[in-house]
Amino acid sequence: MDEFEVEAVGEPDLADPVFVEGLPGVGHVGKLAAEHLVEELDGELVRRIYSTHLPPQVSVEEGRTQLASAEIHAVSVDNVDLLVLTGDHQAQDTVGHYGLTDAVLDVAEEFGASRLFALGGVPTGELIEEYDVIGAINDDDQREELEGVGVEFRGDEPAGGIVGVSGLLLGLGERRDLPAACLMGETSGYLVDPKSAQAVLEVLQEIAGFEVDFSSLEDRADEMEEVVRKIQEMEQGTPTPSDEDLRYIG
Amino acid sequence: MDEFEVEAVGEPDLADPVFVEGLPGVGHVGKLAAEHLVEELDGELVRRIYSTHLPPQVSVEEGRTQLASAEIHAVSVDNVDLLVLTGDHQAQDTVGHYGLTDAVLDVAEEFGASRLFALGGVPTGELIEEYDVIGAINDDDQREELEGVGVEFRGDEPAGGIVGVSGLLLGLGERRDLPAACLMGETSGYLVDPKSAQAVLEVLQEIAGFEVDFSSLEDRADEMEEVVRKIQEMEQGTPTPSDEDLRYIG
Amino acid sequence: MDEFEVEAVGEPDLADPVFVEGLPGVGHVGKLAAEHLVEELDGELVRRIYSTHLPPQVSVEEGRTQLASAEIHAVSVDNVDLLVLTGDHQAQDTVGHYGLTDAVLDVAEEFGASRLFALGGVPTGELIEEYDVIGAINDDDQREELEGVGVEFRGDEPAGGIVGVSGLLLGLGERRDLPAACLMGETSGYLVDPKSAQAVLEVLQEIAGFEVDFSSLEDRADEMEEVVRKIQEMEQGTPTPSDEDLRYIG
Amino acid sequence: MDEFEVEAVGEPDLADPVFVEGLPGVGHVGKLAAEHLVEELDGELVRRIYSTHLPPQVSVEEGRTQLASAEIHAVSVDNVDLLVLTGDHQAQDTVGHYGLTDAVLDVAEEFGASRLFALGGVPTGELIEEYDVIGAINDDDQREELEGVGVEFRGDEPAGGIVGVSGLLLGLGERRDLPAACLMGETSGYLVDPKSAQAVLEVLQEIAGFEVDFSSLEDRADEMEEVVRKIQEMEQGTPTPSDEDLRYIG
């Protein structure tokens, strides 16, 4: 197998698609958001990317195996075409992150995508009341439009930069003159966070001009709140339950 | 040395051989099973695969060294030809797992194997009473036949997928249109488990149509039971000896 | 992306420039010194080096991203031309350190640099009263001149050798017949150390024949002293505050 | 720089030289032994091997740097020519171990070496009274000769095989039809062990037919015994000083 192999699964005609990435990361915000688009809007799998830098494993569902891959789906909604990257894995090494991102960008360009959005979460260390969305852009032209839909640009946040495919889509995208933005929902960092995913998608909807139903994400958010409530109950003997007692629950 | 080098040691004529893999893993189930076939049925070494991704070491037996390798043996029994992959090592990195599996598949195809079985164990965390065999397949056509000999397909088990060469034989095998199945014997995960290896081989026998004597595996199982009994005795002061007190003994 | 890619940003004419390196390291001495030159003397960015061996990330400032890179700036002062390498990252693996250094040396040679200085810190484990500068050279011809400006050469110091790009600029530089010296300011190793950076720059000034204003470094040194003082106050209940109670503060 | 680069430093004519390896390892036995040959018998440096898989660093002695390398010296004694590999480093990754060994074997063959000895230590976990030398060979023809000079071949010792360049010289040497033996001096594993190095060299002398003076090794052994004595004194309050209280001292 080559280091990166792209398998063509479908060949839909897409009109100026918007590329959206949501791989695993903080609070699974990006992954939840991207999967919600694919599931809710009946996405069509168009490409699988295999790589010797992905984990050497297959997943198993009802006994049927699937080699580790990143998956790109076509989603059409309200006259808007999306290409949505999802998957269960990040690359396993530095060289792999760069190569996987290059392979993804090749697919994005092949389908004529001229704009990219990387979705993710930014950890705050506290339970969130109001879900702000922090932005990062690889091209100043995008700033005004994003601020117009409520995206915040803040000093040097996120302090550690943006790592993995999300960060490299902006970094390598810039080298290809592809405008890309990272939309990061605030999230505690301790829990899978469907509300943060919804906040990110609400911004994306406004920019790209489509609407998606959020009820399944809201159901999932209710389940997570139930989890939080139970954890707090278990601690009720202590006067002020501290965030630090929460463990990451996925 | 190239990244992967295949040394031809023997060139037997094999008729539609069944390829069987058993490298080190959980409970050494796959390795015990594969080695049992080679030893009990007088296998002939046909290929050694060396790799710069295998550990940089030689093993030593009576002073004589052997460079780390994966070994493929031809085994003939009851008019059935088998190709059996054994060895003491997994690849040392992600790229190595993929490359080693590709090298193994090249040999399998060179000898005309059209069907692959990866043998292994699946950890349950408890001592096993009845040794079920869990299956995973890279081609739905195999499901009925395997269920017919008692293999179980269960929801999303194993939950973490199948890693290493075992998993990739299915994943990369599928990309070559080679039907492959993984047969995983239930095992506690704490001990080398000859009984689980026997359970896996009993399934393989039925599918491939051969019979092998299990007395040496049974002897080894008796030894392991003696080990377990001694451990339990050491703990007899405590009312219910817990599995968690067992350490992995290989 | 290739393993190493050099992006040409500017093409100034430089006369026999002196190459100066200051990447992150002990006490951030080299990085502080190099950045001081670029900021104080209005350096012009001339090259960015990207690499799949640098961290897979972008930094973010006011929402604008920048792909991880090493940056080379042209600085002109007092009829002396400098090429100054700065950046936030070291390479992520062994192969990357060698390759990044080779890419850097290619740029140095392209601009006609015939002399290299790697700037860094050498940890002493104690707070420093007088900031000595320890030297290392890849060519004995440089010894006398450096000793003449107060650089000390000491037995086998630094005991562990010099690692990363700093060390390799000397090691790989020698293989290209480029004379290179490493100037290492003594530093406790616990704190970012602007005074050590100044000591290193004072040596460089004398050798290369230029002068730079140190007031901004001195301000930063005052801030660090304030930090140290506060830490000591927090410990005032104990009779002799020990260095070991200091944590690295950057 | 290429992954492996061999620098020719000297070109002596050697008659059927015996190749001897002694890189860092258990008890520094191999390294002590090889360095003793080079120092005591006025070896001439003939090759340096640089590699991007060696640590990215320079060593420093009196201010002068030396890029990390493996060094091959020619040593002539009693009409016997030796090629002696020494150095301060092992390769940093699996691929590097294989590649470095291949580069070393290329040099050995270039000088016409038809026999190789890898020197090292085998840890026993106890202080040694009598220093046995354990052997491993990649060619059964060597067994009788080595047994004749007191080398012991024992079941499956060393249990974990032989790792690094020492092991691969035998493993990759066999693939080139170069007979190679590993001579392993027993050593506690806790201390640098000049006596074990001497035991190994005494075997090598007999096989290769030369004599070397051991007084400097013996002096160093006396120093180490003094260290052991002091450690035991420090523990004299306890009835039976245990080996486990010894720390590795190099």
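Letters A, B, C and D mark the chains as written, and numbering starts fresh at 1 in each.
Everything that follows uses one rule, which is that a residue touches a chain if its C-beta (ideal position, glycine included) is under 8 Å from a C-beta of that chain, and two chains touch if they have at least 3 such contacts.
Keep in mind that what you see is a predicted model, and the values were worked out from it rather than measured.
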Legend entry - Intersection of contact partners for subunit C and subunit D: none
Inset, instruction - Superimpose the Cα trace of subunit A on the Cα trace of subunit B, which carries the same sequence, then give the rotation angle to the nearest 5°. - result: 90
Legend entry - Copy pair subunit A, subunit C: interface residue numbering same or different (half cut): different
Inset, instruction - Express in whole angstrom the distance between the two chain centres, defined as the mean CA positions of subunit B and subunit D. - result: 37
Legend entry - CA centroid of subunit B to CA centroid of subunit C, Å: 53
Inset, instruction - List, in ascending order, every residue of subunit A touching at least 2 other chains. - result: none
Legend entry - Overall pattern in which the protein chains touch one another (line/ring/star/complete/other): ring
Inset, instruction - Could you run through all the chain pairs that touch each other? - result: A-B, A-C, B-D, C-D
Legend entry - Interface residues, subunit C side, partner subunit A - complex: 1, 3, 50, 52-68, 92-93, 96
Inset, instruction - Could you please specify the touching residues of subunit D with respect to subunit B in the complex? - result: 91, 94-95, 97-99, 101-102, 135-138, 140, 143, 153-158, 160-165, 167-168, 170-172, 174-175, 182
